[in-house]
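Scroll down for the structure; my scribbles are underneath it.
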Amino acid sequence: MKLNINIAGIEWKNPVTTASGTVNSGKEYSPYVDFSKLGALTTKSVSAKPWKGSQTPRIAETYGGMVHSIGLQNPGIDEFIQRDIPYFKKLDTAIIVNICAREENDFVEVARRLEEASGIHMLELNLACKSDDLGGFRFAQNTKWTESVLAKVKKVTNLPVIAKLTPNVTDIAEIAKAAEAGGACALSLINSVSAMRINIETRKPILASAMGGLSGPAIKPIALRCVYQAYKAVNIPIIGMGGIMTGEDAIEFLMAGATAVGVGMAHFINPRAALEVIEDIEAYMEKHGIDDVVELTGAAH
Amino acid sequence: MKLNINIAGIEWKNPVTTASGTVNSGKEYSPYVDFSKLGALTTKSVSAKPWKGSQTPRIAETYGGMVHSIGLQNPGIDEFIQRDIPYFKKLDTAIIVNICAREENDFVEVARRLEEASGIHMLELNLACKSDDLGGFRFAQNTKWTESVLAKVKKVTNLPVIAKLTPNVTDIAEIAKAAEAGGACALSLINSVSAMRINIETRKPILASAMGGLSGPAIKPIALRCVYQAYKAVNIPIIGMGGIMTGEDAIEFLMAGATAVGVGMAHFINPRAALEVIEDIEAYMEKHGIDDVVELTGAAH
Amino acid sequence: MDERITKEIFYGEVLENKLLVGEVYDMTFKAPKEVQKARAGQFLAIYTGNPSMLLPRPISICEVDIVQGTFRVIYRVAGHGTAELAKLKPGDSLRVLGPVGTAFKVDSKHTNFALVGGGIGTPPMLQLAKKIRNQIPHAYISVYLGFRSKFQVILENDLMRYANEVVVATDDGTMGIKGNVIDTFPPDPNFDVIYSCGPSIMLKFLSQYAQERDIPCYVSVEEYMACSVGACLACVVKVKSKTDDDGWDYKRVCMTGPVFNSKELEWK
Amino acid sequence: MDERITKEIFYGEVLENKLLVGEVYDMTFKAPKEVQKARAGQFLAIYTGNPSMLLPRPISICEVDIVQGTFRVIYRVAGHGTAELAKLKPGDSLRVLGPVGTAFKVDSKHTNFALVGGGIGTPPMLQLAKKIRNQIPHAYISVYLGFRSKFQVILENDLMRYANEVVVATDDGTMGIKGNVIDTFPPDPNFDVIYSCGPSIMLKFLSQYAQERDIPCYVSVEEYMACSVGACLACVVKVKSKTDDDGWDYKRVCMTGPVFNSKELEWK
C-alpha cells in the first residue's frame, strides 16, 4: 500500500501535513505527538521583521469552530532561522515554511533568506495576507496580485512554492489559475473564512480586531467546494484543508481533488489528530483495496 | 418595551421573519407554529414559470449545518398566487415574497404579477440566483448586475424591494452599495455559502448537483461579518440571517447592524425556533433595560 | 388565526435499545400521547442529540403498543447520526417529531395480502400486518422478506404473530430461498394487494410485477430529508403527472409519502 | 526522534459536581496518574463534551489529593461551555488536557505569605496554601479574599485548613470588610511575598501596591485560549521587554504563565 506522495519533487511519506498557524513550528506539540510521522510539517507564518500580532482577545469560539485573529504574530525571519531550523533538522519529515508579508518585497525577502538556510523543503505563501498597497484587500483576492507575487518569489528561490489561497473571493477558480500561472507548485486550500462573533453583554465584537478567520469543522464543506472547483481549474496539486477532524474528512478532500491534506484546528481538540487521520486513511485504503493513495485524488469528479 | 420595527413603511410587530426557502409559504409548519406572531413571513422563492428544481439527493448534513441544492423548486407565479395568497390573508403578519429568476426580465415579470396581487407587503429578490447570461455567476456577484436588476424591478412595483445577497463574493460592501444604489429598501444577508459534501463510499458528491448552499449555525460567524461590513457601507436597513438558532444569535445580528433577523434552518430542529427567538429578544431587552429594539441595531459598531 | 397548533416535538423515554443483528438496533420508547396518533406506514423524525448533527433521522414505525404507550423502531446504524441513537440507554430521553407522513391504506374488501420487506425496509411491515389482522380478522397475510444473508434476517417471528405465512429469501441462500424476494412469490398469486418497503431497486421490480398482473401495489419510499414536515422540499420523488409537460412532477416523500401507489411513481 | 511523547489527553471520572454558590460549581474527579504531576498555579484544559463547543476551557486547579488521586476544580458557569461541565454527574467521564502552565514558586526563605483571591480567582489559592504549609510548616499564611457579596464567598473554610488567617472583603459589605481586597491588608504589612489570582483590575492594583513596597508579587492571569499548549498564540499577555523597541512583547499565558511575576507584566 503506497501512502507516500510527491509534490514538486518533494517526497512526503504520507499525504498529511499541518495547517499553517496551528502548531507553530511544532515544538510545543512535540510532547504530545511525533510530527516525524507526518508527510510534512507546515509552520506558522514568518515575516521579514517581527510581528506582534493582534490585540487580545484573539479568538472566539463558534458553533463547530472558532474565529481567530492572531495577527500573524511571529518573531521575524532572523529569529525563526536561529530558533526553529535546528529543531526542524531533528525531524524526519518535509518542512514547509509559510511566509506572510504586507508587501510583495517582503515575500521575496523572506523567501530569499529561506533559500539560503538549509533544512527547508518547500515554501508556502500566505496570500490571504492583507496589504495597504492593495487597498486593504488580500493578495489572493485578485488574479494579478496573486500571479505577480508568486512570479517574483519564484525568481529568488529554487524551493517549490505553494500558494495558500483565501476562500473570501467570488471565483476561486480564477485565483487558482493565476497562482498556477505565477509558478506555484501547488495550492493550499483553504485559508480561514472571514467571520466574526459579538459579545452581547459588552455589545462589542469579541475579537479585538473585530473580524477574524473562521476555522474548524464548520467550514469543511466550504473548503471542499473550493478544492473541488480548483481541481477542475488547474493541473497543479492541491493540499486540502479546512476543518479536517478525522480520516473521513481527509478522504473527502482527496476525492474532491486534493493530493494531500492539512490538519489544523483539530490539534486543539486532539493533539494526535493528524496521526489519527493518517491511520484512518490507511484503514480506508485497506478496506477498499486501494493500493496507492493518489487513486483517491479527484475520485469524486 | 417597543419590539416593533418599520422597514420602508412596512410595520413589523417584531424584528423576526423566516429565512426564505425554509418554511415554504408557511402552511406546512402551521400545525406547529403560529406565524402570525412573527414580524414578517418570508416565502420560498417563486419564479415566473414552474421550476422543478434539482435532482435528488438535495441535501447533505454537515457539522453544525447542512448543504442543500433544492434548485428553487416552485410551482411558478400563477399557482403561487392562486394557492398561497388566500392563505397569507389569514395571517396577521407582513408577507414578504421572495422571487427567483434566471434572467432580469423574469424578476421584473414576477414583481409585476405580485404588484397586481393583493396581500403582499414586500418583495425580496434572490440575487444569489445564477444566470447563464452572467456566465453562470450569480446576480449579486457583480455590482452592475445587482444594481441593474433592482432598478428594473423598482420600475414596475410600488412594493418595497429587499435585495437578498450572496456571501460568495470578494467584497460584500461594494455589492451592498450597488443594491442600495439600485433602489433596494433593505438587504437580506446572507444567502447560503457555496459548499459541498462527498460520500466516501460512493466516491461522489452527496448532492446530485454536486455543490449547494451551506446553512445552519456553522455559517453564523460568516453571516455576522457580512452584516457588520454591509452596515458600515450602506444606510438602508439589513435583515440578518444565517444560522440563527437562539435569541442570543439574533441579538448578535442586531448588534452587528441588522434591523431585523431571519430564522431559517432552525425550524428543522425546532419548529417554534422563530417564536423562541422573539421571546429571547424580549427577555434580553427586559433584563438590560432596553426600551426599543432598534437601540440594539449596530450597537457593536 | 384559523390555524390551530396541533403538533409539537415530543420526548420519548427509552425503555430498551438493543442490537438485533449486524448493525441493526431495536428500540422501544414510551410516548403514550403520540402513539395514539400513529398509523402503519408513518415514520418518526428522531433527533440525534448530538449538536454537530442537527437534522432528525426519518425512521419508520415498526410497531406501536397503545396499551403500553410505546413505539418500537428498528434502525440500521448507517452513519454517525444513527450511531448516536444506538448509544441511547434505558431511561434516556429521545427528541422526536411525528408521527409524520402518509399511512398504508387497508381496504376491508381485500382478503389476500402480500407484504414485502427488503432488508431494513422490513420494520413497517410489522405494524401493517398488525393493522390488517385487527381490521380484517379473516385476512390471509403472506409476508415475503428479502435479506443479504441469514445474518441480517429480522422480525421473522414477530411477523408470524399476525401473518399466515412468512417466507424468507436471502441473496446468498444462507436462509430460505436463494434469490430476491420476488422469486419467493407463488407462481399464481391471488394477491388482492401488495404492500412493500425496501431498496428502491426491489420496489421498482415489485411495481413492475404488480402492474403486469394488475395488482394494486403500495410502496414506502426513502429520500434524504431535512424538515420532515413538507416545507423544505428536500425529500422529493418523481410522480407521474398528466398536467406536467414532462409527464412527471416532484412530490414530497414526507408529505405525499412515504407511502405511494406504485403506479403513480415515475420509475427510472 | 529526540522528542519523547510524554503527554496525552486524559479522562477523569467525576466523583462530585455540586453547586457551591450562585453559578459556581465545585467538581472533584479522579485521575490518579495526572494528579502526581500537578503543581499549584497550573490549570487544566477541560473539554465541554459538546461537539458544537470544541475548545477546552482553562480551569485552575483548586486542590489535588495525591492519596485519593483526585483533582478539585471550582468554576463559574460563565457561558455555554461551562454550563456543559455543570451538567456532569458522578460517574461521568471528563476529557482533559494538562496540567499545563507555570506554577507558583514558593521560596523556602520566606515566612510571611499573602495570598489574595478575587472572586472566581480564589480556587488556585487553596492548593497554593496547602503547598506552602507543607513546604514551610512555620509559615504565616494570610489569605485575603474579595467578593461582590456574601453570596459569592467560597473556600473560606477550606483555606483555614492551611492559612493562619482568612480575611474577607465584599463590595457591598454583606460580609467582612466593605471594599476591595487591598483595603483588608494590615497598615504595615510584613509580607515576604504576595500571590494572587483574580480580576485583572485587582491584579493591577495589587501589582502597584507590591511594587511601591518592593514586595515580590506573583499573579495568575487569564486570557481566551485555544490550544493550551503554547502553539496557537491566542492567549498572549503583554510582558515588559528590554530588547523590544516598544518595551514590551507578547508572552503566552498558557506557557510562560498563567503565573507571572507582576513586575514583568505591562499593565495598561
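Order of writing sets the chain letters: A, B, C and D. Residues in each chain are counted from 1.
We take it that a residue touches a chain if its C-beta (ideal position, glycine included) is under 8 Å from a C-beta of that chain, and two chains touch if they have at least 3 such contacts.
Note that the structure is predicted; figures quoted are calculated from it, not measured.
Separation of subunit A from subunit D in touch steps, taking the shortest path, is 1. Chain centres here are means of the Cα atoms, and by that rule the chain farthest away from subunit D is C. Spacing of subunit B relative to subunit D, judged by their CA centroids, is 47 angstrom. For the pair subunit A and subunit B, the distance between C-alpha centroids works out to 33 Å.
Remark: subunit B and subunit C have CA centroids separated by 35 Å (rounded to whole angstrom). The set of subunit B residues touching two or more other chains comprises 63-65, 217. Shown for subunit C are the residues in touch with two or more other chains, namely 51-52.
Across the interface of their complex, subunit B is touched by residues 1-9, 47, 51-56, 81, 97, 223-237, 246, 249-250, 255 of subunit C.
Looking at the complex, you find that subunit A touches subunit D at residues 21-24, 28-34, 36, 44, 52-53, 56-61, 63-66, 68, 70, 73, 90-92, 206, 216-217, 265, 267-272. Subunit A meets subunit B in the complex at residues 62-65, 67, 137, 141, 168-171, 193-198, 200, 203-205, 210-211, 214, 217-222, 224-225, 228-229, 243, 245, 248, 251-252, 255-256, 284, 299-300. Every residue of subunit D that touches subunit C in the complex is listed here, in rising order: 50-52.
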